[in-house]
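In the two complexes below, chain A is the common chain; its partner is chain B in one and chain C in the other.
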Partner chain A sequence: MNSPFFKFNYFGMDVSLILAFAIGIGFGFALERGGFGSAKILAAQFYFTNMRVLKVMFTAIVTAMLGVYFLSVFGFMDLSLIYIGNTYILPQVVGGLVLGIGFVVGGYCPGTSVVSVSTGKIDGLVYLAGVAAGIFVFGEMFPLIKNFYSSTDMGSLTLPQFFNMSYGFIVFLVVIMALGAFAAAEWGEKKMAAKKSEANS
Partner chain B sequence: MKKFFANLNTEKKLAGAVFILGVIAIFAGNPYGGAFIKVNEKELALSTVNNSEKISVNDLADWIIKAKADFELIDLRSAEKYNEYAIPNSQCIPLVQLPEADLLRNQKIIFYSDDDVAASQAWFILKSKGYKGVYILDGGLNAWKEKVLFPKAPINGSKDELAQFEKMKEVSKYFGGQAQTDSSVTELTPSFKLPAASTGTQKLGTAPVKRKKREGC
Partner chain C sequence: MTSLTKILTHAFEKHEGHVHIKTEAKPYSNPYLVGIGLGLVLLAAFVIMGRGLGASGAISTLVAAGVDKVAPSHAAGNEFYKEYIGDGTTNPLKDWLVFEVIGVLVGGFLSGTLAGRVKKGIEKGPRISSRKRLFYAFIGGGLMGWGAKLARGCTSGQALSGGALLNLGSWAFMMMVFAGGYAAAYFIRRQWI
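Entry: the complex of A and B
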């Protein structure tokens, strides 16, 4: 068995679209069940009152990372066939800030807004309309920011390459980081809960 | 010890498992498979027999017209010949420079030269390096000229063949060629003027424009 399946021509474009549809439904379902369809839960992350987003994200990252890493080590997957986008450090820092501000203000990121619309939330619908409008404005003004958009190109860069460490060691570090984040989140939530009950009494 | 594990909740058990996998990862090695190359001789031999790695010139013409961007077209001839005429959207990497070229392994790569020989060699070089999506333009540039740029009207062709030829006429016009309606011409003479290399998106003499990859999110 060789993966990625599409790159090894196990199926063509048509089947890949059907599979993408099925995977997309699974992804959306997991997001909704994980609580990512609620702006309250998502925004609470930024005030550290609810650490669910951090936990779900790190769970996903660690699961996917360990899966991809060990499947590749065992030879089930050809990692070099997986597409890695380029790193444009400055534009991506600016873009990340814009997305972050939008996230706190609107309560959704682009993906979760779609999830919230699927459960009939009006705020999600408004958010989605904003996303569409933003894409349109971005497209129209693209010539103006074209140079910045593709500046500070570092090529397709991975953490092992950047830090010049072995791939396995980076995997270990990310695991430690995730476990640390989990522990900190649990501890923080207990603190917050204690504070709340104090305030209430 | 048993009691210790029984007292742990699911989250702690999972966290422990993840930690153990993380520690193993330090010693498990490089997932990119390192420098060694596995050559599957049987697969190589089979693919040369069943022509599955060949792309016909008509398919390629179709893809270029439809502006498909999921492949890299590589011209293996010398730079001078490339500047003289090249298939639109191709980039020039002479065969000798191929081992140094940083072609992406996740890209569909189509090689062509005047005929099949150089393309087959290039195909083999990349295949032995473990590239998966490597293809040869069947018949090379000669076939391109014969079938796409200067297609000949079928002699006593059936209705279908004639309809097909009408389509090919349009295709050849698109690439700046000229269909040969006079079927008495049996051989391609050098007097056929090749279209200037600027007929496509590729400008004459300029470096190939790197197209943005349509992949990822």
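Entry: the complex of A and C
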């Protein structure tokens, strides 16, 4: 069997939209289970009181990364057919920084705000309106920032290519890094909880 | 006796116009298990579609379609909008990410309902008014929307999907998201703690 299925024309455009809806249900379900419909839980990541964002995100990245790696190693998946966006390093660094500030100011990211709306959060709805406004402003000023937007194009570039190491070794490093981050997160949470109970007593 | 109290409180809640079922909200699931579940959903997207998940892209499509509706010639003259509107042969809303995000809405509601967590309200810390919180929500959303467009994706499209594919730009982006969040957290702490 060859995957990705869509690229091998196992089904057409209309079916892909139904699958998009189904995959979205799984995505939304998982985000809500994780507590990501709540801005308080998401924001707690940035005060070291609840590290769920880091734990869920890195576990998800590691799971999907290992899946992609082993499926391609065993020949079930053609990695070259998976869409990887080009790296535009400067705009992505600046965009990431602005987005990170927006994360802690607004309390959500776009995906989690959709979940917050589905579970009745008014601030999530206002946040989504803000996202739309931000995109509109970006669209209106696009002629002005187009040059910066398309600057520092490094093409399609992965970490193994950039560091000139094997794919498997980078996968291994990311797993080790994630395990280290989980240990640090658990330790930090305990530390913060102890500090809090000390302050209350 | 307890069931009687339950019925009574339930009746009062209905009287006040709440339609949701008021049971005790269940605690959130183990983050590592949720992460594995989310990772498998992402892997399914790779295997089935050959692409990752997303969120801000769907909102971009809605914004571009809205601009196109109100001012078609203005939208047609703007490269950014044009990319989302397409060549006019198909409806721009017939888009993979738009359908995926509708699914997110349904999936979130399903999970929230099963756990008794669907409840109208505003998420904020104890030291800030609701009005101020909504103001910050709008501003934060605006920064997020603007930043996501500059970075060519948000936490779903870049950090999660690009991260799992070991995309260099996605990893640089992810580090900067955490850097920006931690840098701004101190100044906005009254909102949350």
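In this text, the second predicted complex is superposed on the first by the 201 of 201 C-alpha atoms of A that agree within 3 Å, B and C clash if a C-alpha of one lies under 4 Å from a C-alpha of the other, contacts with A are read in each partner's own complex, and residues count from 1 in each chain.
Just so we're on the same page, contacts are C-beta pairs under 8 Å (C-beta built on N, C-alpha and C of every residue); 3 or more make two chains touch, one makes a residue touch a chain.
Predicted, not measured: the structure shown is a model, and the values here were computed from it.
A.B. asks: In the overlay, answer first, second, both or neither for which of chain B and chain C A:Y149 touches.
C.D. replies: After superposition on chain A, A:Y149 lies in contact with chain C alone.
A.B. asks: Just checking: does A:K7 make contact with chain B only, chain C only, both, or neither of them? Give me first, second, both or neither.
C.D. replies: both
A.B. asks: Determine, under the contact definition given at the top, whether A:S166 touches first (chain B), second (chain C), both, or neither.
C.D. replies: In the superposition, A:S166 contacts chain B only.
A.B. asks: Now for A:G85: first (chain B), second (chain C), both, or neither, which partner does it touch?
C.D. replies: After superposition on chain A, A:G85 lies in contact with both partners, chain B and chain C.
A.B. asks: Quick check on the superposed pair: does A:I176 touch chain B, chain C, both, or neither? Answer first, second, both or neither.
C.D. replies: Only chain B; A:I176 stays clear of chain C.
A.B. asks: In the superposed arrangement, which partner chain does A:S16 touch: chain B (first), chain C (second), both, or neither?
C.D. replies: A:S16: touches chain C, not chain B.
A.B. asks: Determine, under the contact definition given at the top, whether A:W187 touches first (chain B), second (chain C), both, or neither.
C.D. replies: In the superposed model, A:W187 contacts neither chain B nor chain C.
A.B. asks: In the superposed model, does chain B or chain C contact more residues of chain A?
C.D. replies: Looking at chain A, the partner in contact with more of its residues is C.
A.B. asks: Jot down the residues of chain A that show up as touching in both complexes, chain B in one and chain C in the other.
C.D. replies: Touching chain B and chain C on chain A: residues 7, 62, 68, 77, 81-85, 167, 171, 174, 182.
A.B. asks: What part of chain A is in contact with chain C in the complex they form?
C.D. replies: Touch residues, chain A against chain C: 3-7, 16-35, 37-41, 43-47, 49, 52, 55-65, 67-68, 71, 77, 81-89, 91-124, 126-140, 142-143, 145-146, 149, 154, 157-162, 167, 170-171, 174, 182.
A.B. asks: Contact residues on chain B for chain A in the complex?
C.D. replies: Against chain A, chain B makes touches at 15, 18-19, 21-23, 25-33, 105-106, 130, 132-133, 213, 215-217.
A.B. asks: Show which residues of chain A lie in contact with chain B when the two form their complex.
C.D. replies: Touching chain B: residues 7-9, 62, 66, 68-70, 72-73, 75, 77-85, 166-169, 171-172, 174-176, 178-179, 182 of chain A.
A.B. asks: Which chain C residues qualify as touching chain A in the complex?
C.D. replies: Listed in rising order, the residues are 20, 28-29, 31-32, 34-56, 59-60, 62-64, 67, 78-81, 94, 96-97, 99-112, 115, 117-125, 133-134, 136-156, 158-160, 162-185, 188-189, 191-193.
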